[in-house]
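Chain nomenclature is as follows: A, B, C, D, E and F, assigned in order of appearance, with residue numbering initiated at 1 for each chain independently.
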Amino acid sequence: MRENTVKKIWARGEAVVNGWLSIPSSFAAEVMAHQGFDSLTVDMQHGVVDYQTAVTMLQAVSTTRVIPLARVPWNDPALLMKILDAGVYGVICPMINTRAQAEALVGACKYAPRGYRSWGPVRASIYGGADYGDHANEDLIVMPMIETAEAVKNIDEILRVPGIDAVYVGPSDLSLTLGCKPRLDQTDPPVVEAQQKIVEACKRHGVAAGIHNATAAYAQKMIAAGYQFVTLASDSRFMAAKATEEVAVIRKTGVKAGTLPAY
Amino acid sequence: MRENTVKKIWARGEAVVNGWLSIPSSFAAEVMAHQGFDSLTVDMQHGVVDYQTAVTMLQAVSTTRVIPLARVPWNDPALLMKILDAGVYGVICPMINTRAQAEALVGACKYAPRGYRSWGPVRASIYGGADYGDHANEDLIVMPMIETAEAVKNIDEILRVPGIDAVYVGPSDLSLTLGCKPRLDQTDPPVVEAQQKIVEACKRHGVAAGIHNATAAYAQKMIAAGYQFVTLASDSRFMAAKATEEVAVIRKTGVKAGTLPAY
Amino acid sequence: MRENTVKKIWARGEAVVNGWLSIPSSFAAEVMAHQGFDSLTVDMQHGVVDYQTAVTMLQAVSTTRVIPLARVPWNDPALLMKILDAGVYGVICPMINTRAQAEALVGACKYAPRGYRSWGPVRASIYGGADYGDHANEDLIVMPMIETAEAVKNIDEILRVPGIDAVYVGPSDLSLTLGCKPRLDQTDPPVVEAQQKIVEACKRHGVAAGIHNATAAYAQKMIAAGYQFVTLASDSRFMAAKATEEVAVIRKTGVKAGTLPAY
Amino acid sequence: MRENTVKKIWARGEAVVNGWLSIPSSFAAEVMAHQGFDSLTVDMQHGVVDYQTAVTMLQAVSTTRVIPLARVPWNDPALLMKILDAGVYGVICPMINTRAQAEALVGACKYAPRGYRSWGPVRASIYGGADYGDHANEDLIVMPMIETAEAVKNIDEILRVPGIDAVYVGPSDLSLTLGCKPRLDQTDPPVVEAQQKIVEACKRHGVAAGIHNATAAYAQKMIAAGYQFVTLASDSRFMAAKATEEVAVIRKTGVKAGTLPAY
Amino acid sequence: MRENTVKKIWARGEAVVNGWLSIPSSFAAEVMAHQGFDSLTVDMQHGVVDYQTAVTMLQAVSTTRVIPLARVPWNDPALLMKILDAGVYGVICPMINTRAQAEALVGACKYAPRGYRSWGPVRASIYGGADYGDHANEDLIVMPMIETAEAVKNIDEILRVPGIDAVYVGPSDLSLTLGCKPRLDQTDPPVVEAQQKIVEACKRHGVAAGIHNATAAYAQKMIAAGYQFVTLASDSRFMAAKATEEVAVIRKTGVKAGTLPAY
Amino acid sequence: MRENTVKKIWARGEAVVNGWLSIPSSFAAEVMAHQGFDSLTVDMQHGVVDYQTAVTMLQAVSTTRVIPLARVPWNDPALLMKILDAGVYGVICPMINTRAQAEALVGACKYAPRGYRSWGPVRASIYGGADYGDHANEDLIVMPMIETAEAVKNIDEILRVPGIDAVYVGPSDLSLTLGCKPRLDQTDPPVVEAQQKIVEACKRHGVAAGIHNATAAYAQKMIAAGYQFVTLASDSRFMAAKATEEVAVIRKTGVKAGTLPAY
């Protein structure tokens, strides 16, 4: 089976630089796959991406060595199994707040006897290789999101569930449930503390900690704090940010046409 | 009919800041429509965009006041008429090198008796309004590309064709035909001179000059030189550029995870 | 945040005229958005529309001031949150029969602390505006369907759930569960009585009542009965009805060609 | 080969009632295929329909006995051959003004030795049957549009080209080239006269005459005048017309909610 | 209502030959519909097919007399009802292991009072006919998958649920839960025995037994064993198998070009 | 630039085994890319594939080392340049019958000064590499189809055009123009002779000869005759052939269910 290099980076004690795909386009995904990320996550929750488009985006990522991941919309076996069959090497699942939810998640991602994932890796075995079935339970990453006050409270319970390789912090939802404004790159103390607690719990349990960031600057701080999976903004945020910057350059000097007589 | 504000900006002697859409996605287009551009051009030539997708992109642009334009793949009446019917307020047409080509282009964009555009503004009259037919010949922009040595030689012939509102310089093709490397933001003297000749000819003929730029910095120079329609890079270039910048920030400091014991 | 004019109409004590989108096409949606409706509902339950297509339809509706709504296929947080993120200003949710179901529905539509909607209004904040997060809990409409005998029995329990702005009557399912034939514009006494009970309960609880109608004539009666949200047939029903009418005109006079000798 | 019933109707001296598909949706096409038309034409010129979507629409039409036709965007062999391969039983081609254009059109639609259509009826032989190749030259309909003053002048020249089965009048373009306002159901004398001339010429040459109509009432007059192929409005026009009618019914009586106290 | 010939074949004591659609393409589906199958199942679970594409595939199947079925991704009312509305004549549902799951499945597929399927057969009544609602509960097939050790244990409980017409064996998942390697055309004794138990139970309960096979040879054995619904491989497996065979023929003799001097 | 291994195989005097993609699906394309072909050609002429879908198919092929090619619908610069920009490593162009047509074809595929291809390899430079522009004129394959009696007559004229790397024989069209029935794997003497003449001319001019075959058996004969590029049937033909074979196996033994009492 094709190697899951995300796990290898983690094993070396290093951090994975993850990109985020919200634009429903295999072309945008392919462009993103050439910008130096270790992995790319198709966001099927808040991104504007449905399954049928996601498949073409995964194919586009597969033209490179970048590891394809997906965030599913919810902890739902239908969605989890279908995107695993499409060949992702890991799933990020929102709103895992209890041990029972974590167990259901892991179960949906593992073939019997470890879980109840249904057999049929139609594209996954093309991407991963003919021996996909022998290694999938071991190699694919299951990554619940820790993004509520409740989940932070239950963090040890959750991390004790066998088969959880990493967790992913959603700072905006975490903020909301802690009574703060929803945003990334948080500096509000309750959120900062929760983020710290999570990474510490991960270290205790030998699980990688991941987090979504708005900027590389904040992501660096998170790496320094022990996070081993940092997402940088997203495809559409990058596009918008650069467009805004460039338009601002033009606008600030005015757009009067030059010295020649006007049309 | 909804006003074509591009023409209004030109009439004030100012320059239009144009964005460029290469990603086949109405979501990407809608995001771009909120970044401050005056107009957005769906690139059906070198962009990864076909007609059916282009329509959804034009709808996305139409959620704002940004003026929708398209570059067609070639000087072909089928393509020109079909995208005009979809509601663009102007077309950019590649490789117009002779007066006859310019006349064919204008003819395809104007209803009889000024041309041979076929009647059927199915979406255009939704976007433009019920009186679209009364104003289309006057209000829609026809913008041949001047992008070869031959076109530069024939520039006065071409600009004399009634119905040409502006021209658009493709610096890469212009470079190739002048024996230079294809690139934007040119500094090679033969291309710089040609770009200067074109804008001067436009001024003589009362036609707006447009040009594709890689950066806002170069676009500013072009405005200073008299260009009144400047494109800044493109959606996918913006996305790639920002992604590269941010990944580089992380990579240059290493991605070793922090001081806590590694997973 | 862009105003939710549906709520404003209700506040004036008037009725909203709603259109219904079953055809999976952004062009059809845009045409419908120009026919005078106050709101348009993308039907993701019985309509032939999936999420990816629905987004383009919402964009098409957003080219106008018509308020975009969606009916989700089921009371499922994944579906509810994803279409809210896509920018609808209200959701209609089928088969809400108990207080617990109503609470789950409201919870999925409200950010913490009022509910458990996950943060990420990727398109919604483009459509609604940058302050979307400050107003979404208040401004977006949650509209459970009351369409079974059980729901009618539990109507007061359901309407007591905070956050329910309106209910929507599905006459066909209501008919089935009351032992009648499934159809719109009902005259069967059990259904007529249930429809009356529902609107009365709504008045008691200060909640708007909505209903699906086959014809404007019946919708008028419903408005007279106190309904404040009336849907008229659907895009495909309109198309089919008019086509049938016109074909019938031709067919009834025969289609023999005229007095000239036949081909 | 499956019978081309359009030709059979013509042979009986009767008129074909044709529907028009502008909405890019196989569902809309299937609904239209159940409204009683003899044939349905996918409009790839002014309709919002590209090839890939057109194929699914043709499949939808093929679920019934309605004969599938297409209008191509232009007299271009690539477009003509590709949609013939997709299984249409006839093509309508815009802007045929001269004998040479008519010959080029026929040539693109006929296999050697009668023309230069390239072999590869990939879907056409599924729809038509295994013996498609033996009958295609004979059974498929070639229908140039007569829609300019020039075409009317050259009508006999055009109709003399072997292989032309029918012509199709585009009243809007005909109006424009005759100095009238572009519209259907014309009453302006120059257009009415031209329409009459065309049908008379068709009778002389044993060719069926077709025309696009806004209403069944006008279509009846055209049938009485000898036209044997009448199109009624279009899918999107039907939808918009009926929606407008129904909304008007509601609006004219006001939309004040009923006698119960308002929400 | 159009007859469900699958039920008729079963009533004659014969076996249905079923094809399997994993490729998300209405063209591939139409080609498959001409290869002699009695029914075709769109695989929305492990196939690369989402709802929006599935609709076009069902339309393609509907161009023939082949009966359209679907396998849903999971026992979820939203998915079941939506694909039934799209016009399938039966659903295969994975992982039905208990009586309660079977009851939920049947309930989602039957209109009140037999179940809680919501009314709105938007395409189903086009495909099935205007009287669809009168016969749907009786004529549509509900086919739970028996594919785990637990389901085999509970087989009588499951088959006792009224409204179950058939079961479908997924040999790969059955293998996994019985401690064997996941594959079709099993010869491992535990799986072979389970397959035998299932068909026997079906006979006891008057329910048809179905099974997925890799080859016609194995399917024949299953028919001999009493199975009355046999699937043969799938569209993509057929394509891959034949491609591999043909490439192997070429490769085994080398691909050296002929005796003429090489290019 | 990524190597064009098709040219390398030719240089070794060996034959390329080419697969053919008619199904508009990136999944089908990816499956085909794993069956052992040297190259895969997206058929945009007779295949059911348009540009937007073709891009996703090319991405799917790019997940492997198989070389992506396309057949364009016609000798049209818009189509040729657009698919080259999408990253194909060669184009097959139908109906090249004269030297002038061949020159136009080559011109559209080469950047100035060798031709008039417009610069903008938006996806091609992602697939090929950053130095794509330096090598494209040299490395991309231009492959006119020789498929008419006229083309055979003009074969030396055509092959003399600089920039033609190979020709591709379309046996069906060749058959038609030689008065034979259109089919592959021809044995009719006039076609067999023409096929022989073509390969001999190719050898004289140092150009590779290619041909479309129905079976590997015939392809082997063509290789023996000197052809260096042999296509085997197509994706949909493979699928249909295997399906037919397997269904026949079942049907010939009957589909009576086994010895247990029937349902």
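The definition used in the following text is that contacts are C-beta pairs under 8 Å (C-beta built on N, C-alpha and C of every residue); 3 or more make two chains touch, one makes a residue touch a chain.
The structure displayed is predicted, hence computed values, not measured ones.
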item: Any chain in contact with subunit C as well as subunit E; value: A, D
item: Shared interface partners, meaning chains that touch subunit E and subunit F; value: A, D
item: Starting at subunit C, fewest touch steps before arriving at subunit F; value: 2
item: Chain pair with the higher count of C-beta pairs in contact (C-D, D-F); value: C-D
item: Option reproducing the contacts of C-E, where over half of them reappear, out of C-D, A-E or E-F; value: A-E
item: Same vs different contact residues, subunit A with subunit E, by half of numbers used; value: different
item: Chain of greatest Cα-centre distance to subunit C; value: F
item: Approximate Å spacing (C-alpha centroids) for the pair subunit A, subunit F; value: 40
item: Centroid distance [mean C-alpha coordinates] between subunit D and subunit B, Å; value: 34
item: Rounded Å distance between subunit B and subunit E, as computed from the means of their C-alpha atoms; value: 50
item: Where subunit E touches two or more other chains at once, by residue number; value: 22, 24, 27, 31, 34, 48, 50, 52, 55, 76, 79, 123, 236
item: Those chain pairs that satisfy the touch definition; value: A-B, A-C, A-E, A-F, B-C, B-D, B-F, C-D, C-E, D-E, D-F, E-F
item: In the complex with subunit C, residue positions of subunit D that touch it; value: 9-17, 19, 22-25, 27-28, 31-32, 34-37, 48, 199-200, 202-203, 206-208, 215-217, 219-220, 223-228, 230, 232-233, 235-236, 238-251, 253, 255-263
item: Contact footprint of subunit F on subunit B as seen in their complex; value: 22, 24, 45-50, 52-53, 73-74, 76, 79, 94-95, 147-148, 170, 172-173, 175-177, 179, 181-182, 236
item: Subunit B-touching residues of subunit C, taken from the complex the two chains share; value: 26-27, 30-31, 34, 55-56, 59-60, 62-63, 123, 126-127
item: Touch list for subunit E against partner subunit C, complex; value: 50-52, 55, 76-79, 81-82, 85-86, 111-113, 116, 118-123, 133
